[in-house]
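Heads up, there are several structures right after this.
Look at the two complexes coming up: chain A is in both, with chain B in one and chain C in the other.
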Partner chain A sequence: MTTPNEVDILLVEDNPDDLELTLHALRRENLANNVFAVRDGEEALEFLFCTGRFSGRSFDRHPRLVLLDLKLPKLNGLEVLKRVKQDPRTKSVPVVILTSSKEERDLVASYNLGVNSYIQKPVDFDQFRKTVKSAGLYWMVINQRPLSTPAQIAAAAAQP
Partner chain B sequence: MSSATINGERKNGGTSRGLRVLVIEDAPADAEIEIAELRRNGFEVYADVVDTADRVRERLARTQYDVILADYNLPNFRGMDALDILRQKNLNIPVILVTGALSSEIAVDCVKQGATDYVLKDHLARLSASVRRALEETRLREERARVQRQLADKVEELARSNTDLEQFAYVASHDLQEPLRMVSAYTQLLAERYRSKLDETADRYIGYAVEGATRMQALLEDLLAFSRVGRNGESRALSDANIAVNEAIKNLTIALKEQGVIVTCTPLPTVPADRFQLVQLFQNLIGNAIKFRGKAIPRITVSAERQGEEWVFSVMDNGIGVAPEHRDLIFKIFQRLHTRTEYPGNGVGLAICKKIVEQHGGRIWVDSELGQGSNFRFTFPAAAADRADKKEQAHELYAQNSAGR
Partner chain C sequence: MEIFHKLFSSNFLPHGTCYLWDPHIVWLHVISDSVIAFSYYCIPLSLIYLVRKRRDIPFNWMFWMFGLFILGCGTTHLMEVWTVWHPTYLLSGIVKAMTAAVSIITAVALIPLLPRAIALPSPSQLKETNLQLQNQVETRMQREEELTRLSQELEQRVEERTAELASMNRSLQGEITLGIETQQALRASQARLSGVIDSAMDAIITVDQNQKILLFNAAAEKMFASNACDALGQSLDRFIPERYRSAHAQHVRRFGDTGVTARSMGSMGQLWALRGDGTEFPIEASISQTEAAGKKLFTVILRDVTERQRTEAALRESEERYRLLLDGVKDYAIYMLDPRGRVLSWNAGAERVKGYNSEEIIGQDFACFYTAQDRALGRPVQELQRAVQAGRFEEQGIRVRKDGTQFWAYKIITPMYDDAHALHGFSVVARDITERKQAEDEIRNLNQDLEQRVRERTQELEAANSELEAFTYSVSHDLRAPLRHIAGFSKMLAEECSGCLHPEGRRYLQRIQDGTNRMGMLIDDLLNLTRIGRHELTVKVSGLESLVNDVISDLRPDTEGREVEWKIGNLPFVEGDSALLKVVFQNLLSNALKYTRPRPKATIEVGTEEIAGEQVVYVRDNGVGFDMKYADKLFGVFQRLHRAEEFEGTGVGLATVQRIIQKHGGRIWAQAELDKGATFYLTLGSTKANEIDNEPILAKETV
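Then we have the complex of A and B:
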């Protein structure tokens, strides 16, 4: 694990066993160096909005990827997604839903809220590993992100 | 006299025995005669006599009357005012106007406005019959209301149980799959890490555990797909069955090519159906025809013919067929006739077909003999617009799919 300001991947997952599996899969692909895990929706928002115990974090150094479970204690994944995508300071952060459900209503709600990708966790562990690897490589290596800070991106969006 | 009680006070909402009458009348003698007339005809009458609107309201608040006898025109009260008071209080008590002289226009008008009947004071012999009829009408109306309430309750109950089912499916999707994934994943991790340290039997057991978890997940997915049919099939827009079949064939391209299947499709109608469900229906049926193929090259023919107010579709194949005793069984969920090694699957496909067809007001069945191929047939109501058009479509055969040779 890593300090909150160097995080590449924010993992939002409440099940310790599930968390370990995902970390295991990321580790194998050498993607786990800068992973930070939070256990519920509230903590995820505190992290992303630099409040509470993450008040020392900076908006200029957002994670490159948020892996978000849908079923979370306190505040569910959809609510977290909504808040992140509604706020100009955080809307450019890529959020990928990683869940067991592929219920149409979850998919529709997620896409309506502006999710960047929706992944169903496969039951088969090999499949799961491949999925995490693909998603990790895609967002960490293949995907290009702007060099501007979230504040600059938001400012550019505000200009006519 | 403003209010008098004849035959003493009764308890509020008294027993159904006896007739509770509110007489709105300023001439005590007239009231007496009316009550006597009812008694003479076998009614056990409990009557209150009043002659002002305030008294009427007061009495109505205290007693549940079976009938109101109102004089049409009193100095302080018009008979029809009783109807307004009843409406305000949301009461459903029949009002019979009992009056000296009344023109037939006014009488008809009163009945139009909600009076149950009118009886002239010099024809009081009619009163008992009129009261009986009013009571009977009230009873019927209450009965009808009761049945309607029951129906509404049942509808609500059904809606609730549908919601419960939906909730169950949702929970199954989320909560049941999680632990399943854990069982599967950690068994696989165990196997990986300790492969060399465990013996062959252990490896086999681990294999079974993973297989079981994977199969259970597939079952959950299928159960969800089945429950989804009920939840997403709201649309009754017109869907072109030709497009649906094409879509289904496109989704099955790999299997069709692999097996060298020849699909023939005659022109199909447009039916009031959910587009996605129609695709799923054809896809499941054509998919089954491929899966349960015989030794010969699979040939599948999709067609439809008009029979009265409905279209009868047919998906016919030259596959292994269905024995007569299994023709109903195959449409039940999780019902399988073969082992998983013979034919993979969970036995949900045809159950979904049945649910889709029935949800659109149709029927599904199979005409088949073992080893003689199957003809799956189902009906859809004809679209309202083409019901008038009695001309049958020409059934010109054309090859829809060139995936075969």
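Then we have the complex of A and C:
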């Protein structure tokens, strides 16, 4: 596990089994070096907005990917997604929903809130591993992200 | 001669000598005598002029006498002059003598004239007379003016009278013209009358006192089948049946005595007439009498009423039938009202419904059928008025029976009009609908109850539905999670710790993994099925052929290593949700592939067929088929006709197919025989989106 300021992937997952299986899959694909896990929606927001326990964090060091479960204690995944995508300081952070459900209403709500990707966790573990591998590779390796800091991106977005 | 000689010869000395020829004396006498003579000559001339001018002067002869007298006087003076130089004294004496004679005559004549001359009016008298005359003249002038005025008036009146006379003359002329026209009209009228008589529909026969026929018109000829020339002069008796003849004769006689000019006949009963051919027929007659040339004439106007009586009889019969019919109607009160609402007729049904018998109710106001409240509101009259306005009045309402009990009546009031379109009355048909009303009330209560129950049930179902929604959501999220954990950790166990397990342990682990995978598939299929239930159709026209070909290429991996013959016929374009239709064919074709697996060569056919006039799409395979006695279980959820070891599957596929077809308003059924393949038939009804509610799939899927 890594320190909050060196996070590549923020994993928001309340279920310890899922947490372990996901971390196992990421580790197997060598993507788990800078993974940080939070266990509910509130903690996720504190992390991303550098408040509470994470007030020492800097906005300039945002994770390169957030893997977000939908069913979470306190604040659910959709609420977290909404706050992240509405705030100029965090909206450029890629958020991928990683959940059990592929209920249409969850998909629609997520995309309406600006989710970057929606992945259903397959029951079959092999398939799950393939999925995690593909997603990790894509967002961590293939996908290009701006070099500017989130603050700079926000300032640019504020200009007309 | 001698006298003349003596007269003009003298031996006397001239008178001048007496004057001694003194010129002064001579000329004094000569001039004076001359002037007197001149004057004396002038006076008679004036008198003569006067008398000639004024012939009205009284005693004008006296003026002549004076004239002569003065003329004589003048001549004597002239003789005086003459004798101055010529001593003819004889002549001078004669002249004097003549003058004397005239003088004396004049004087003598004058004396008797004096009283008359005195009687002549004096100038003052004349003046007075003149004045009187003047007055008289004025009076006369006034009178004359008056006369003129009167005369003018008279002329005026004469003119007016003339004008009057002229106008009278004109009108008289007009009247004369009119008189001519009247005469012409009279002649035309007579012609018409005779035309009318001859063209009258009624027989017209005129007879004299002795019943001798004097007039027999064309209608009479036709009616009695006899020519006028045969009838004229004959007795009327020949047209009267024998048994009525004497009575008829008496009747006519009595009628003649009454002096009544006209009346109808037959007051004693039906009249009959006799035709020329001896047949009798009923008639209607009227008789009139007139006197012509001191003889009494009777004119009879006759009408053959055979046809009318027949019609009347038919009408009576019809009315009787109608009455019997109305009386036979027991369930309906049928009655008539006069225009004021009084009961005119009453059938047995009315008696039964309302309780009054016809003797009691006929002539009564129909308002007694209404409740006191309705009567107070004027409902009875209003309903009649509305029937007249609308041509019909229909309603259900509370009415009152004779015994005061109330009942529900259904009633139709229809106004009736006579031939002249005058309101004749009303027909009323009423029925006691109390029972029906009660039944309706009961039904209404039941309906309300039912609606209430439906509402409750709907609420229950809605609750169940939302619970189910929550359930599927929960299944989707929460039931899969532990399954994934089992699958994940057992996989990790198998991979990382397989060395610690003996072969039996590894086999168990494999079974766990198979079980979790199967469980995963089941959950996914079930979730798909519920998703279809909630899915709103997006209907558009899709070509089935290309859709089926897409599905076949998707299934390509499953056909590897197998010989499969696809026979795709001409498939139609259909209206439907193409995504769901694809699911249908994915299921049907993958089933076909699955159940033909034991066949060395699979033949799968997709085509159309017309069954009972309906185009049906079928999917046929030569697979293992099934026993038709389980056909009803085929489309049930989790229903399988094969063991899992034989053919894998969740038992959700056909249920999903059926759900989609039903959602499109179509049907699906199967025909099969064990070991001889199966055929699935499907139709797609004209589907409206949302036609099938998003009902919970589990509650529905019990085929």
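FYI, the second predicted complex is superposed on the first by the 160 of 160 C-alpha atoms of A that agree within 3 Å, B and C clash if a C-alpha of one lies under 4 Å from a C-alpha of the other, contacts with A are read in each partner's own complex, and residues count from 1 in each chain.
The rule is simple: a residue touches a chain if its C-beta (ideal position, glycine included) is under 8 Å from a C-beta of that chain, and two chains touch if they have at least 3 such contacts.
Treat the numbers as computed from the prediction; the structure is a model and nothing was measured.
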Touched partner set for A:6, first chain B, second chain C, both or neither: neither
First, second, both or neither for A:125, with chain B first and chain C second: both
Which superposed partner A:71 touches (first chain B, second chain C, both, neither): both
First, second, both or neither for A:101, with chain B first and chain C second: both
Which of chain B and chain C A:60 touches, first, second, both or neither: neither
Footprint overlap on chain A, where chain B in one structure and chain C in the other make contact: 15, 17-18, 21, 24, 70-71, 99-104, 121, 123-126, 128
Chain A partner contacts - residues on chain C that touch it in the complex: 472-473, 476-478, 480-485, 487-492, 516-517, 519-520, 523, 531
Interfacial residue positions of chain A with respect to chain B in the complex: 15, 17-18, 21, 24, 70-71, 99-105, 121, 123-126, 128
Residues of chain B touching chain A in the complex: 170, 173-175, 177-178, 180-182, 184-186, 188-189, 210, 213-214, 217, 224, 228, 232
Parts of chain A lying in touch with chain C, wherever the complex brings them together: 15, 17-18, 21, 24, 70-71, 99-104, 121-126, 128
